[in-house]
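Labels run A, B, C and D following the written order; every chain starts at residue 1.
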Amino acid sequence: MEGKICVGVDVGTHSTKVAILRGGEILATRVMRAQDPEAETPEAALRAMLAEAGLSWKEVSFTVATGVGRDTIPFAQRTRSEQLCHARGAYYHFPQARTVLDIGSEGVRAMRLNEKGEVRDFVCNSKCAAGTGAFLEVISEVLEVSIGEMGELALRAPGREMVSSYCTVFAESEVISLIHRGRSKWSILAGVIQAVAERSFELLKKIGLRPQVVLTGGGSQNPGLKKALEEMAGEEMWVPPEPQIIGALGAALWGEVLTISP
Amino acid sequence: MIEEFEKTIQDRHQAAMQWKEANQKKVFGYLCCLTPETILHAADVLPVRIFGSPEKLQVADEHLVPYGCRYAASCLDLAARGVYDYLDGVVIPNSCDLISKLEYWWKELVPRKGPTLAGVELCPYVLYIAYPEKRTGRKVLDYYKHELREFKQALERGLRREITDEDLSRAIAVYNEHYQLMGQLKELRKRSPLPISGSEAWQIEYASQLMPKEQHNRLLKGQLDQLSQGTKAASGVRIFLSASATDVVNARLYQIIEKAGGQVVSEDISCHTSYYGNTIQTNGDPLTAIAQHSLEIDCPRSTETCSPATYPYPTSRWDRTRSRLEGYNAQGAIFYIINYCECRAIEYPYLRDKIREELDIPVLLLQGDYSLEGLEQVRGRIEAFVEMIGG
Amino acid sequence: MSIQQEQRIKTSKSKKSIQTATETWAFIKEDYANGHKGKAEGRPIAWSCAAMDKELYHCMGVLPFFPEQFAALSAVQRRGGTRDESVEKEAVRFARAAEQEDYASYLCGYQRVATGFVIESLRTGDWHDAPLGGMPKPDMIVTTSCVCDVRVKWFEDMAQRLNVPYFCMDRPERIFKGILSTPKEHEVDYYASQIEDCLTFIEEVTGTRYDPARLNECLDWAYKTNNVRQEILQLRKAVPSPMGCADGFGTMYPGMYQSGTKRCYDFYAKMRDELRERVEKGIGQIENERFRLLWYGLPTWYNMGIFNYFEKFGGVFVYEPAYNPDPWPPRRPEEPIREIAHRFLLRGTGMGNVVDSILHDCQEYKISGAVLSYLITCRPIVFPAVEISAALEKELGIPSVNLEGDLVDERLFSEGQVYTRLDAFAEQLLQRGPRA
Amino acid sequence: MDHIIAGIDIGSATSKVVILREGGIVASSLIRTGADSADTAHRAMAMALKEIGLGLADLHYIVATGYGRIIVPFAHEIITEIACHAKGTHFVFPHVRTILDMGGQDCKAIRIDERGLHTSFAMNDKCAAGTGRFLEAMARALDLSIQELGPLSLQASESVAVSSMCAVFAKSEVTAMARRGIPQSTILAGLHEAIAERVHGLLKRVGIEPEFAISGGIAKNVGVVRKLEERLGLKAHIAPEPQIMGALGAALFAAERG
């Protein structure tokens, strides 16, 4: 089994992620933005990554695809749901993980894990985009702050504005009106993040919120959101390195399992 | 699967019209399994279940607010569009807040003129049955028997024929055979490996509500003979499915579950006949027996008479759910609750807790509308759920 | 939307036009205080619903509490009784607790709030962290199958959670032409049997024997009260309108929840006297009454100020059919149970009955426009709304407007949208000129 | 002295002014609703007044309407956009009895009588599906300008079903379709169909009369208009400047009052 190569591909709405494992260790990862017209296809990306590592396509033992577009990867032998992949990816980094919250761009999901890292239960957000990463993206455009710096800014907010709208579109204009009323960008951000955190926290409560809680997905990189969630839960939450590739990593880890018993 | 079942389902309206033409008899539509089909059968009427269609509403949306079950709304919409014009009568039981109100809308949107006396319709096209909300208790049977008698009388007036006890007994015999055969089918689904897939079993149920019971009995008997020889086997994670009445959406749900690697082995579905556990008693007054049998239906809306000391609150919903999970070795439970299906929505958290705590079986809640697109949006969750159990 | 929030049109707080209305709050507080005291002394507590025949409790010495009423109370109050607007309403807190348990957000606000209260109290063990110290923990849960499916299912669910004896009085569904009609014999038989069984149930739980004489006493008070309430309804037809819907809803508590007691009778007798005086003197809700409105459905309990909204246009809410009683047939002390059954079954429950009844009310109260409260979480209220609107226009030429929301969960109420609709509706009515 | 009056409509996306002199339109303006709403009102008014070289003091009466109607500092009276759209449309098309106004964040269906007074109306709910903002988001997702949407969609020979009407979800559905190589025109045809279906529902609630007009920004989108006309089997009346109907109505009210 030493040195076996497994690949995970996570095809999301906004980006595609690839992870390569060799002998259970992360060998390479890559993120391709969907909006970027120059972006490589998953297959080309994988070829390039393998070439960089001095490996050939034939050496890959197993490829697993996950994410909303998981059926669009012809070279994957199997597919696995995001829930199972995020859980496995989070558990890889933190064996203490019992609750995993994945804040993706359009989907938020909470998973409950047992000691072996198996998913025992999960809940997902509804058909409305309120409280997802995409919601934050819309607001980041309006406030002209990058998604990356958003959380940091919010942490330094002196106060918090109430953002009450459910609908992303209405929230957008609520935010615009707050700007026009001269409210500080920081406080507005803090309000937006609070609103998003509340939505995610509802899912955490539904699933039972057992420590250790691990955050994954793009949203987990937002320190303001993490802090807001920690305050609501009264509980420290952990974020793995490169949280956005956890799904792809989990898929690759599933590849290891599935090569044994496909 | 049997071609005739499939054909009937594919073209249920054509099938009913052909039967009508060939037999020169009447066809009545009904909206819920609470309808005493046997009384219609005894009057030589073919009862067919009224289903909706997941297309967008075209007429009924002018009358209905969007804050209600789309399935019931769709049934009305099809009627208002003339799809159900071949029906000679419609039976609407008091089976939930919306369906009972369809009695009004049906008359408004599908008007049929009949003779009236002092403003009262003599032979109404739409027949309403006040089904009691309590299944058990001292006077429930008396009351319901009375309601059924009035229903029978209205039918007799409308059809200009008497429905005798002999007629009723004959119908009961046909239906009892149906219940027995469906019982055998259920027994088969307890086996492992499964001799029949969930979607095939569903198709049999579905067809049973659309074709004459005699024909269905005959076809099913042949099918059961084949199945018991055990040539076919379906595999997958064993799933219990609890769902609101959403016929075609449910049909797709079975397929999605199967594609994800699961098999539905038992169900609690509102447009299903699986509520009937037992046969109708054949000794004594047939109308009483029919009423009694109807009161055994374990519908999410029904409640019971309790006794502070021995039986403080109703448990039948949980008891039934438990037996549908345990007896069939279900490994997971999926609940599909159509929006605004309030009785199912209220009982869900309690049933979920019981299933988790007492049986240690995982539960998945899906909420949606009566559309196939809505189902595509939850496909990912079903796949994750089946994977979660199957590993 | 944005600008509007900035310039939020603040309606005045709900205004009481009659003196008696201000006394309801004391009435409610007294009941909660009595309940907590009674609970401590071991008196039996029942949780029950509005459509129940309350006289049964009073004759059996049971203290009834009503989750619907408790939910309305929670829609008004914030935690700890504070007026700080940044503290959310108790109703929202409880509804959220229920939603976290996967109770669907389209479910009745009353159901979500009361169930949330049960969930929170069971979780924390503190039953008093709620408006007026919360409802005392029940010894029994009694409901009826009237009005909606939710009441049966919801009360059953609470009984399961609380492990408390449960009883449901099943009422036959009645559909016919018109508003009132004599019930059929087998319907009365059935409902009477339900009342008898309910009394037996209460006997078993409490150990108190049912005494027909005591029931007759309660029914006497209930009957007298109802007669006074009929007088009040007659007085409310006056022009200008002496009392509006805010007061109508505000004063329904004693009659709705404590019928069959002397204090309930006294309350309405006083109210009638006050109204009579106002009518005689020609005192209206406002000085210059330009149009009269009917409020269909249940109120938005978190925003009772909405009932004053039209005053700036000269509009008044005159009548709300939701909780007002029908006239009762004469007393039959020799068979009080059949009497209850009979009077309870007079009114039809079908869609047609509801539509007919609103048409009738609009004529009686000289209504020029109707506000239809589209309670998107209440099936029995929202289903007939479109038909009512169409029938009013077609039969009487009366326009209507609808407002979407819930009865206690203010998260579903969009202030900006609602007020724009109301403004446009007022313009529409004023353009038409006075109703002929 | 001439009788000069004005109507101002502060909408969620754009603000409009119409100035009337002796019953005829002499000036109008249209700007994006910006920063300070009161400031927007001033700017829009100033822009229109500049056209005819007049000042605010020359106006006899001003009626404000639209979502921001309450904050117009110089208005003599405020009237809802429902009444104003009815009035404005009636002025241009006296035979019209049903109006659909499709604005930035909301849609309204309005029934009017022979005097141009509204007798019934319906508005969209708390979700922005099918509004101008929704289309803006879609245009951005497809990297098109809002003006291009309509004409482009007409080139489609077929349309795809867009299942989600949530602006965010639809955006990614649309992005994904574009990635799969579905032509923009086809996607747009699908989007317009979905919007038409949604507003059709609104229209049904007030009842549709054959003489029917569309106002508001989306009225300029020929794709949506065509889809709606097909559904209704009716030809829609559309004013040359459909966005100023509300402001025009406000001005007409001002003419009556001032």
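Rule of thumb we're sticking to: contacts are C-beta pairs under 8 Å (C-beta built on N, C-alpha and C of every residue); 3 or more make two chains touch, one makes a residue touch a chain.
For clarity, every value in this text was computed on a predicted model and none was experimentally measured.
Of all chain pairs, the one joined by the greatest number of contacting C-beta pairs is B-C. Between the CA-based centres of chain B and chain C the separation comes to 35 Å, rounded to the whole angstrom. Each chain gets one centre point, the mean of its Cα atoms, and the points for chain A and chain C are 47 Å apart.
Measuring from the averaged C-alpha position of chain C to that of chain D gives a distance of 41 Å.
Counting partners per residue, chain D has 12, 37, 105, 126, 164, 205 as the residues that reach two or more other chains.
Shared interface positions of chain B, i.e. residues touching 2 or more other chains, are given as 62, 367, 374, 377.
Along chain C, residues 1-3, 6, 101-102, 386 each make contact with two or more other chains.
Judged by the touch criterion defined above, the protein chains are all mutually in contact, each touching every other.
The part of chain D that touches chain B in the complex is made up of residues 161, 163-164, 197, 201, 204-205. Contact residues on chain D toward chain A in their complex (touch as defined above): 12, 34-37, 105, 126-128, 131, 133-134, 137, 164, 166-169, 171-172, 175-176, 179. Residues 68, 79-84, 118-122, 124, 126-127 of chain A are the ones touching chain B in the complex. Residues of chain B that touch chain C in their complex: 62-65, 67-68, 94, 96-98, 100-101, 103-105, 108, 119-120, 128, 130, 132-134, 137-140, 142-143, 146-147, 300-301, 303, 305-309, 312-314, 337, 339-340, 342-343, 345-350, 352, 365, 367. Remark: chain C residues 1-4, 6-7, 9, 386, 393, 399, 401, 404, 414, 416-417, 420-421, 423-424, 427-428, 431-432 touch chain D in the complex.
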